[in-house]
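The structure under discussion is supplied below as structure tokens; questions concerning it will follow.
Should a chain be cited, it is by its letter among A, B, C and D, assigned in written order, with residues numbered from 1 in that chain.
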């Protein structure tokens, strides 16, 4: 069975508007990234929203959870802004059971050429195929359980709660 | 414990010599790729050889197996040219036990900008952290057991032996 | 005699801060860009300021003019944000005589991989070597006289005043 | 009047064949490069051949000269492999008069991401607009007269005959 990909936006998909000089969202680059990676795992990509994760509300998170529950697939990768990725993971862990859900993102937009997104996407796709049901965050080559992860705002890296003060 | 990375060359690390117009090997780009991916998994990179995989002999493969057996780490990622990747996987499966070994590579050199290498490296690093001991090939977002994989020379993709004729 | 390069910032040199998600200035990429272009024209690069061109004041423009007048070289390329590039060209045309000055810039930051900056820099360097004394704007592969150019804010392209309404 | 662009191949347009691991020619990237440079100079691109310049014969050069003579435009840019660029310039200087012809190329293929091609194309387009009739080679940010240029095979750079031994 194929793997479900839910796109919610985040730095992953940000682009540079050369007229205004602002960063903005247009289309998702997920399809292009899977092609670049010569991915042959069957994936089914659906965009749920296209926003900065600071703008994701709990209502949005409920919506994401609902989509996870209703999806036919039991393996799901979610692309998400890094700032509130841990919050979404936490809510999904409460609302969805029996599925393997891996949330990932990027620190640098894919379109800016030196993105960590392709690396993270490769790792997320591998983790979702191998881990037992549960909700995880895949960043920095690592995989964190939904209830034991936070983004270190100073370094931009993800870490276990138990390792941080 | 950290993950051991063995570099053997392959398309991954090929560069373009602008004086001769030929592709060649200089240094490995693995360290740079891990940095680009903002990888925080402790890795220990060692270059064993820097060759096109068509030039890898069975003696070379014995050497790689020996390095795997002697390594302190029980999780090992090997970067390798794609043409004989399955052969090396097969020999390692016979010679090394009790370790998780994931072999990966790229169809396009990392230095050529649109490489699949970063995607594959991310997936290989995830697979090696999650799979039980054994030898695997990680390509195209998928993971194959060492005795059930071959490269389709026409498409450049990896496939299970049982799915191919 | 070498060509003087004055850096004032602009989109050319903007980078993405992955912690804050904002665009910002760090160092100039001019040296790197000349190396990438395998440029063998002797150039002497000096950074005068590192700002968005919307923030450039007339006092700043006077300063740039002073630097142009004091420079030993009589061929000068200035990198500049596009929004007020025409204003700076206009002031320089009044204050500096006997030198060939070419102002150029970019719509996309060099670091974002698909920049027009390298193309513009190549053209600016060629124009400055071949044009008679005067002040010019080099954008979109074209060269405009200082008193006959404006940026079309809607398209982001430069055009002659006489062609626009 | 627009500028004529004649494509003959060369490193500029080489691509990497991921199945064979060889470099090869498919389509020209000139149109894409002009778009990337946000070029608004009217250009008319025509591919005459798509070969490595070591394979260009004198018969091919006669053909290029004929195309230059027959073109309606009197400003022509030719993209060409660097190895025999000076030879083609020399023949064109004998066969074509009354037109400004600028030959340019690249040391690194455009598709390999860090190409000097975009820089050279920008400079060639500027030189062709400003120089008086004659045949020139534009490389390394410089412009050489057809009868006073050679490629230094050791450094890959172009230089005047009078400066070299």
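Going forward, contacts are C-beta pairs under 8 Å (C-beta built on N, C-alpha and C of every residue); 3 or more make two chains touch, one makes a residue touch a chain.
These figures come from a predicted structure and were not determined experimentally.
For chain B, the chain with the farthest CA centroid is C. Centroid to centroid, with C-alpha atoms defining each point, chain C and chain D lie 26 Å apart.
In whole angstrom, the spacing between the mean C-alpha positions of chain A and chain C is 39. For the pair chain A and chain D, the distance between C-alpha centroids works out to 45 Å. Of all residues in chain B, those that touch two or more other chains are 107, 113-114, 156.
Screening every pair of chains for touch gives A-B, A-C, B-D, C-D. Interface residues of chain A, counted against chain B in their complex, comprise 33-34, 36-41, 107, 113-114, 116, 118-127, 129-131, 138-143, 156-158.
Looking at the complex, you find that chain C touches chain A at residues 11, 16, 18-19, 21, 23, 52, 107-109, 111-114, 153-156.
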